[in-house]
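Quick notes on the structure that follows.
Labels run A, B, C and D following the written order; every chain starts at residue 1.
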């Protein structure tokens, strides 16, 4: 289903080449100042800013706030944020129902929905649907950092939380100076590259998350794995910790605040935040849709067939 | 919270050293043959069978089916499965509130619950709480493989699904012949080791999972990360795929069934199962509770202090 | 929150005088034929068709299907149905923040949302928000009556279910011939009337609903009481059954199909449908917003004050 | 399903004649003093205290607190409260599968669960399952009235909330002095009576509940209708308000606190509490299981048959 969250509840909707896509965000406290400009920076980061290697599709991605806002402030009612699709060349995708792209959702979507899925641009499986996630994230950050509703958040905005995320590996290369080069090489070959993103949240209070099914790791991983290209998630030492002994991996407690000498647990013990930085790394597989010739099955003529994708994907 | 699932809904309860722990499983179809013996094999696997390196605590772990069963068959009402705690030496843990174990949940539990958490054996954070998860898993497998309720499961049990799981790495060693040796070495030092488990499900139908928030990966990762020691989860190529190019990572489709020449996607595209084997690897950090002397903070006397854990943990 | 449902999940959004309102409907099977025309009849019934006594506001209420539809059929992705607000005269409502209408949500909305709620036309509390509920109901009926997706609904549309609803009492009068007269009398006085609606579903299969928290009565009552003006719900004999003895109220079973000689249980036993007609009656209080002078509190000047509402409300 | 609630989450389990029944309550703050004695008064009220007309079955109903409690205080982990069934004479119910009791859940349970339901004493449909609801209610009241966890409830216990409930009508009689007589008359005839319960909560803060699907009325009605014998629920004026005009039914606001001259809305506007008393009335149908001879269908021999129930039901 397309709704997630108990207190802060996000519903996403829309397709890559439909009329519009977006999100309904419920559980937002009233009185939060919010405007279209608040979304600009994160939407630009999602779009990729024109660097080499990002999707060539260009749209303005202007959010329309359809409901939940009055006089520039949230009302407490559901916030609907919508993005019109403008640059939709449907013709590019007509071929995909007979020649599904390898490692893309084309084939499973067609089977799950008995051929009724919207095939244009991946339909509801498109990375473009993450526009709704980014918009919901902007609202979430506003809630964390604002002080407008003293009754709802105890009077103290979480001014000291800092989120940062960076790409730590692209196509097997961990030298950030060489990232552009690695991407340019792949593009020259009509190919794509995967990578690893590291996210870090500093200043998170101790005690967030619940034991077991609402563990901080469970909730974060649930959301991260909802993005189709994500194939791995690890916290703190992650897969590296699995190679260590307890005496190497344990984080010694060094003061009454519970500070630790290392952070192999990535800020989470037993599903509960421990006051250290939350550190999570996300493995993104290389974009399935590549310009380089590859092989797929021709479901119309029933034989293995070459596939060359032309144009934006 | 301690409840998970929309159709098949699992609630877990209990503490390591309380009276009992277990699970309430809702959404089980009526008419399923079920008995205490059905749980024996999986409970034995959880307990560790006496091999080197597993927890020294020994209990019979006899399930009591408290509700939802009549004349040896499920009734459609919630199934409550309970395990008495018998071998509980509370004295072992009295020290832990002042000297929290590094990388254990002792400290966060105390802070989150303002000192009211049950500290004995980790309380509700204990690995022993996974008894309820194992019991729920036994019921889930019964549902998949039984043919007793033709109206509920469409008349065809999923007889062809095969689950297997194995340890593929322990303490950095991937040679299964040397696993016992690696563990014995660590134990000799009073230390623990982490490892990686690979789970594989063969014969899973195409089309399970939903786009985005109920993706097959999201739901599996949510459950896996609910286990406190799990710090990483990856599907198919996982973090390895992030090092590849698309032309290397894509799984070419080779026949009308949608079979592929490789399985880097681990059986899931766009959150939907594609008919290939589901492959998931789980990174388990080394057990935090080690016999070897380590360092923690003495919260009573307010200074860094050595910690040596004696006896079962 | 504004989302309801486990399998068929409805999210509503929007305000009376905002840009638009509507619904996101998730869990709709793929392949269902759907078009704007399908909504016309039920939207007209909601609007009131021009009879005496209904809200004087007139809008076209044209649904826009924003997502989840492709080539005239549902895709399996969330269906977003939106209604633009066109006839919004905000000036009519400016007075309501200082002079809240008695028995309306004006005052509680202002207090709950610390004055940030959208006051225009009741904002998110407006009866106009039920447009989303009606639209979701149209989709639900399409699902019940269509045969387009044999894999999803077992190949048999519920062609024999018939829903009917009628007003059985208005302003204390149960003689349908006099309903127009009762309404006209009240309108002449600038007043409003309440009433009782009876809904009946014939042909509902036996066995729907679950014991306790997902009882058929619980789910229906939950939805009915979400409409602000609904103050009572009863099934079958309802409050009348509470006056009877068991020997009078029990429905004797008369054949192997489980047919009964009476239907005091309104088609539901123990929360489960029994094959009889589902009968539910809903008490709707008189519209709070009346043209007749009444008394409220002037929160600006801090005294009891007369209130006369002019124009549409 | 048998779980309800977002913050305070109740799961119920068990059957009338199984080993035990009870509840798992999640979301309880840590540090709440709780003991077996806390349950005595409400359990006695449920049992009926020996007055005429209540169920003749007598059990001690001793709660066992299985988990979530340590040193007499809640731990923040799920609280499991269990009641053993001791006085179970299964023989009394053997007849019910062939001769289902009219207006009881016997027949629908058998059909829904394909004959696998536990028929003894109504199984999971028994009124005895409400033991879990009463126990959960005791915990809820403890949470409201306690001041032990200042961080969780803002430091101010809701000391001023008063709950009261009373029977306002039995078998059509509203004169409380005659209730015993009405019941005795019915019992003499081997018959049962229905009735109406009025619940009142005084001192409830303004602003609880959410618009639409989490309206205060929706949530309360959902829970009330989960009890099998409840056939009607109304708030404030309820069905009586439906007979009035707006000018008669509206509650005039008379002061800056929002106090009103009347309380026809039963303390709720637009789904939100308004500070007035919450007033809800519940219609309970007469107990279906009566000693007087009645008629049912004999499903074994396939003909209409007399039914006389002997002994406790």
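The rule is short, and it goes like this: a contact is a pair of C-beta atoms (placed from the backbone, for glycine too) under 8 Å apart; a residue touches a chain by one contact, two chains touch by 3 or more.
If you're wondering where the values come from, they're calculated on a predicted model, not measured in any experiment.
Seen from the C-alpha centroid of chain C, the farthest chain centroid is that of B. A count of contacting C-beta pairs for A-B and for A-C identifies A-B as the more extensively joined pair. Between chain A and chain B, the centres computed from C-alpha atoms are 26 Å apart. With each centre defined as the average position of its C-alpha atoms, the distance from chain A to chain C rounds to 37 Å.
In chain C, the residues touching two or more other chains are 1-3, 6, 12, 77, 112, 124, 211.
Residues of chain C that touch chain A in their complex: 1-3, 9, 11-15, 18-21, 24, 26-27, 30-31, 64, 66-70, 73-78, 80, 82, 112-118, 120, 123-124, 149, 151. For chain A in complex with chain D, the residues that touch the partner chain are 6, 77, 211.
Note for the complex: chain B touches chain A at residues 1-4, 6, 12, 100, 102-105, 107-109, 111-112, 122, 124-125, 129, 169, 171-172, 186, 189, 191-196, 206-207, 210-215, 217-219, 221-223, 225-226, 228, 230-239, 241-256, 258, 260, 264-266, 269-274, 283-290, 292, 294-297, 299, 302, 304.
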